[in-house]
Amino acid sequence: MTLRFAILGAGRIGQAHARAISATPGAAFVALYEPLEAAATSMQQRYGSDLRSTEEIVQAEDIDAVAICTPTDTHADLIELFARAGKAIFCEKPVDLSSERVKQALKTVEETGATLMVGFNRRFDPDFMGVKAAIDAGSIGDVEMVTITSRDPGPPPVSYIKVSGGIFRDMTIHDFDIARWLLGEEPVTVMAQGSNLVDPDIAAAGDYDSVNVILKTASGKQAVITNSRRASYGYDQRIEVHGSKGMAAAANRHESTVEVAGEGGYARPPLLNFFMDRYAVAYANEIAAFVAAVTDGKPTPTTGLDGLKALELADAALESAKTGRAVTLG
Amino acid sequence: MTLRFAILGAGRIGQAHARAISATPGAAFVALYEPLEAAATSMQQRYGSDLRSTEEIVQAEDIDAVAICTPTDTHADLIELFARAGKAIFCEKPVDLSSERVKQALKTVEETGATLMVGFNRRFDPDFMGVKAAIDAGSIGDVEMVTITSRDPGPPPVSYIKVSGGIFRDMTIHDFDIARWLLGEEPVTVMAQGSNLVDPDIAAAGDYDSVNVILKTASGKQAVITNSRRASYGYDQRIEVHGSKGMAAAANRHESTVEVAGEGGYARPPLLNFFMDRYAVAYANEIAAFVAAVTDGKPTPTTGLDGLKALELADAALESAKTGRAVTLG
Amino acid sequence: MTLRFAILGAGRIGQAHARAISATPGAAFVALYEPLEAAATSMQQRYGSDLRSTEEIVQAEDIDAVAICTPTDTHADLIELFARAGKAIFCEKPVDLSSERVKQALKTVEETGATLMVGFNRRFDPDFMGVKAAIDAGSIGDVEMVTITSRDPGPPPVSYIKVSGGIFRDMTIHDFDIARWLLGEEPVTVMAQGSNLVDPDIAAAGDYDSVNVILKTASGKQAVITNSRRASYGYDQRIEVHGSKGMAAAANRHESTVEVAGEGGYARPPLLNFFMDRYAVAYANEIAAFVAAVTDGKPTPTTGLDGLKALELADAALESAKTGRAVTLG
Amino acid sequence: MTLRFAILGAGRIGQAHARAISATPGAAFVALYEPLEAAATSMQQRYGSDLRSTEEIVQAEDIDAVAICTPTDTHADLIELFARAGKAIFCEKPVDLSSERVKQALKTVEETGATLMVGFNRRFDPDFMGVKAAIDAGSIGDVEMVTITSRDPGPPPVSYIKVSGGIFRDMTIHDFDIARWLLGEEPVTVMAQGSNLVDPDIAAAGDYDSVNVILKTASGKQAVITNSRRASYGYDQRIEVHGSKGMAAAANRHESTVEVAGEGGYARPPLLNFFMDRYAVAYANEIAAFVAAVTDGKPTPTTGLDGLKALELADAALESAKTGRAVTLG
């Protein structure tokens, strides 16, 4: 059996999923929705997929699943539309910037019994999976402290920042998801601190560019998240989990393993700079996991609820950064 | 000229300084104050120093400087005593557990014009000095985020915990000092979170064993400190500074550089486990710096004020952990 | 313009090139020659390519280039056949086990003006390319000593060993090519030492399983090659170049960047174990380089002469190991 | 009991041993022989040791052991002198540049029953000891290939080169000893290649500056040694042992663990540059091992025979480099 996909959105992330779907055995990229003609044409030429309207995709009998890669403000509507149409849904994070809207959409998903997986790609990174596997194997005992360092090579355009929902909902949301996944227990308290150090235009847009967050669960496990919108040395993506019996850590990926030594010392190349390169395998694994879950009728490894939980942590972090108070979650 | 020392206290740290003073050109270990006979005798045999009372040391014309290595609750009194006696003073951290008492003692130091250096040994670690040198050389641009990971191999006895002043004043105080040193700007806001994950007896003693702290300066620079009272893999001591143009980090020291590979993978030895081994060079550098400053009539690299500032951050962190609120400093 | 390929041979390496050709823009995998039905069918189903005889490929107007991935003893004949047919030729190493036969085949290539690239995939590995780039950029001054460590995860079947031409011609040949490439000057003296430490059946088959080689150029530059047919910790592939001003080295690739610490120390996973995984990017780069050279009418980055030179070094190494004498080349 | 030492020679290595002896419990530095007045006075002032003639040391009842740190051409005579005087002897390598002279001296040692330890300091380096311990623990199975990389930061003065016995006897001799120690079996065949790449004056003095050696034991174990008289990035000292079940390696020691990242990549400091710093702990361990062996009446960890065997390998390597033939030992 082959899972036949429609992809909605031919932007950067839509292209990544097109590549992944085409390369995944048991998956086929059949149709595309994309209002911008140039983007649509380029994707059609490369993959030979049909161009269709969302309504045609809803109706199509040759489409089993959709990958929603459109702008964030369309996600919830499209989830509801395709949940009702009985399609399996893979949706890019976040589901929505409003947790109320997310809850509403998840209600529809629940009522229709639809399959919804939210695209937290990092859970599928081989290095991060190695850390999770070490925890699950008991190699480090009970998890006590998770440390996540995530720094982008450079900030997005301020125009994007303005509609992004802010750094906690746009960038830290990945780290909230990873923290929940590694802690193995829901955080109940959030403390956060935000600064503007990278670009005054980000401050002017009402957002932070440098943040630190402390999460704490009911049993006292903690997670620390460090974010910056800029790192001169590449895309800095590290996790470390400290437990009662040890520690597991995933290091960064450099451009190569080459080291050059000379009078001044030893030099290694910068980190992989582009998220598509850094997480290339993660994107492929993520789609493969979705295809496997839908095909086998099993739960997807991430769900709409994961999207909601991460967003609630983001909301709480923003509140904490603004008020200087620890925010307790429901 | 030789700086002639009396050491007060022949405990673990007194012995460390005896070793350092004996090995430092331009310094001599002349006299010892130690009420416990066994400890005193052992030190005398090793170094040939006199055993004297504090009063005799105050009066002694052959003593230029004292190294105060007695229990914390005697530090402030001894500082005042020797400040009035005109001796140069090296005092182990903390000056006192009460910031009021510290202020009082520093007032005496100021009035007498005495020299007082507080023993923040980590500033003299060659790896940490390398990070500071990179900052001072402009290699990473403006400092934005300092990350300090400090985990002890195992917790001290609960009897010690009870008189320690708590983890923030006893253990994190080193990290507060390092954070101030690396930030190059005073923190004005402190957020902290504490947990009990290592030993329930520590909780019963009213202390935390696992904490995270976020510091923030007026200009928005931040520092994150992660502490645990236990790390199965050794004494975990790392710092990392992220700046506008790059990052500088000091890694851990392992027992050796040996790596053994086999079917199961690659294995390296644990970290140096004992703080005396890990910071052996730092202790030597620290005394050498004190000797050099006193001999040359220059300011010591750390002062009583550094002791006070670190203690104030510790007090603020404790309050934040207890109240869930960011604490703003004077 | 698209370079249309016929692949000869659907074995492991033929499949690798099929994957690479299909993924390379400007290249198409049009036809396959493969006498074994099962292998042929599997490849056809995956890539939709025609199944043809060598004669049909010679005649075909829709074939511009061939990738020769058949057993070694057919390479020279096929090179001559397709050189005369005017096809661009990519041939797996070695061209032949006899340097006389290689010379003969290269003569035909020269006379027909055909393009021939020999598949020394390692030159296209990003890590090794990084070392070469450092040399070419002058970062290490004049090259003085090249050190190549190459150990296979485990020995091939003895049946293969028997027809392989021996470890120098089968395994070390890659390292001879890399040594020539990095030395930038032809080796003129070869010293080699061989042992049997891995498997007595290899000795019974008349081959070594553990060898060391020293190459020396006319100006005195040296290269050391260390080979073993077995490494418990994975596929060990390292190069290091020492020069007048420094050193450049490419390290191994582990299964992941994960490190797990505990009471016993720090553990990292083994190396990538399978040559197809280790050199996945190299195989893709290699085909892309061939396609680019043929399409642009430029020289290929490796040639038949490279194949001959590496083979001559292998012959000399075998003679040196047998006789205990340094062997001087032409 | 305290082992009372006379040190012969107050040069760089004599000073290193003075430091080690003074710091070793159970050892005392009592007397010094040094013909140069300035050197003698400086050492006396620092350690308070007597200045004596060799004859006085021979006669002295308060001297149990001698540390011979004089020029190489005096070693054999002094060994014989003090062996007859019944002193325990620690002698710097090499015993002599002529293996005949070494044999003669060892005969005297044997006849007198004297204790003689030859100063192969590297066996006492904690990192190298870790590799040996991994072998002895069976962690890597049977030893198959030893790889030793040893590069000095810069060449000694040509005046020293001229009397040094050449690179194999002066520099590689350490590596021959380490190879024997790690192989656990005597090498029987030596192949070597020498070049002049560092300094033409070394060639003019009749010596090589860049060499590679392959050793092979009767059972086929091999060792490869790579030497250069110059490395811009510091004192390069690495060993690696490949066995049937794995590999053990000791990495270099850098000036610090600091890594600085920026746009151009990651930078680490050069290696420790000075052999006294790199092997500081080894020198201390070496003396402690000598003291322990003499005090406990046990064999010393290295002996005169080790000195002879290493020298014979050096002689063989020189012959092989000159003749281009593998040289077989006794």
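Letters are used for the chains, namely A, B, C and D, taken in the order the chains are written, and counting of residues starts over at 1 for each.
By definition in this document, a residue touches a chain if its C-beta (ideal position, glycine included) is under 8 Å from a C-beta of that chain, and two chains touch if they have at least 3 such contacts.
Treat the numbers as computed from the prediction; the structure is a model and nothing was measured.
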Maximum centroid distance from subunit A, chain identifier (CA atoms): D
Selected from B-D, A-D or C-D, interface repeating A-B by over half of its contact pairs: C-D
Which of C-D and B-C has more C-beta pairs touching across its chains: C-D
Whole-Å gap between the CA centroids of subunit C and subunit D: 41
Whole-Å gap separating subunit B and subunit C, where each centre is the average of the chain's CA atoms: 57
Multi-chain contact residues (two or more partners), subunit A: 232-233, 245-247, 261-263, 269
Interfacial residue positions of subunit C with respect to subunit B in the complex: 232-233, 254, 261-270
Of all residues in subunit D, those that touch subunit B in their complex: 126-127, 129-131, 134, 139-140, 245-253, 255-263, 269
Complex contacts: residues of subunit A adjacent to subunit B: 141-142, 144-145, 147, 149, 151, 189, 191, 193, 195-198, 210, 212, 214, 216, 220-222, 224, 226, 228, 230-233, 236, 242, 244-247, 324-326
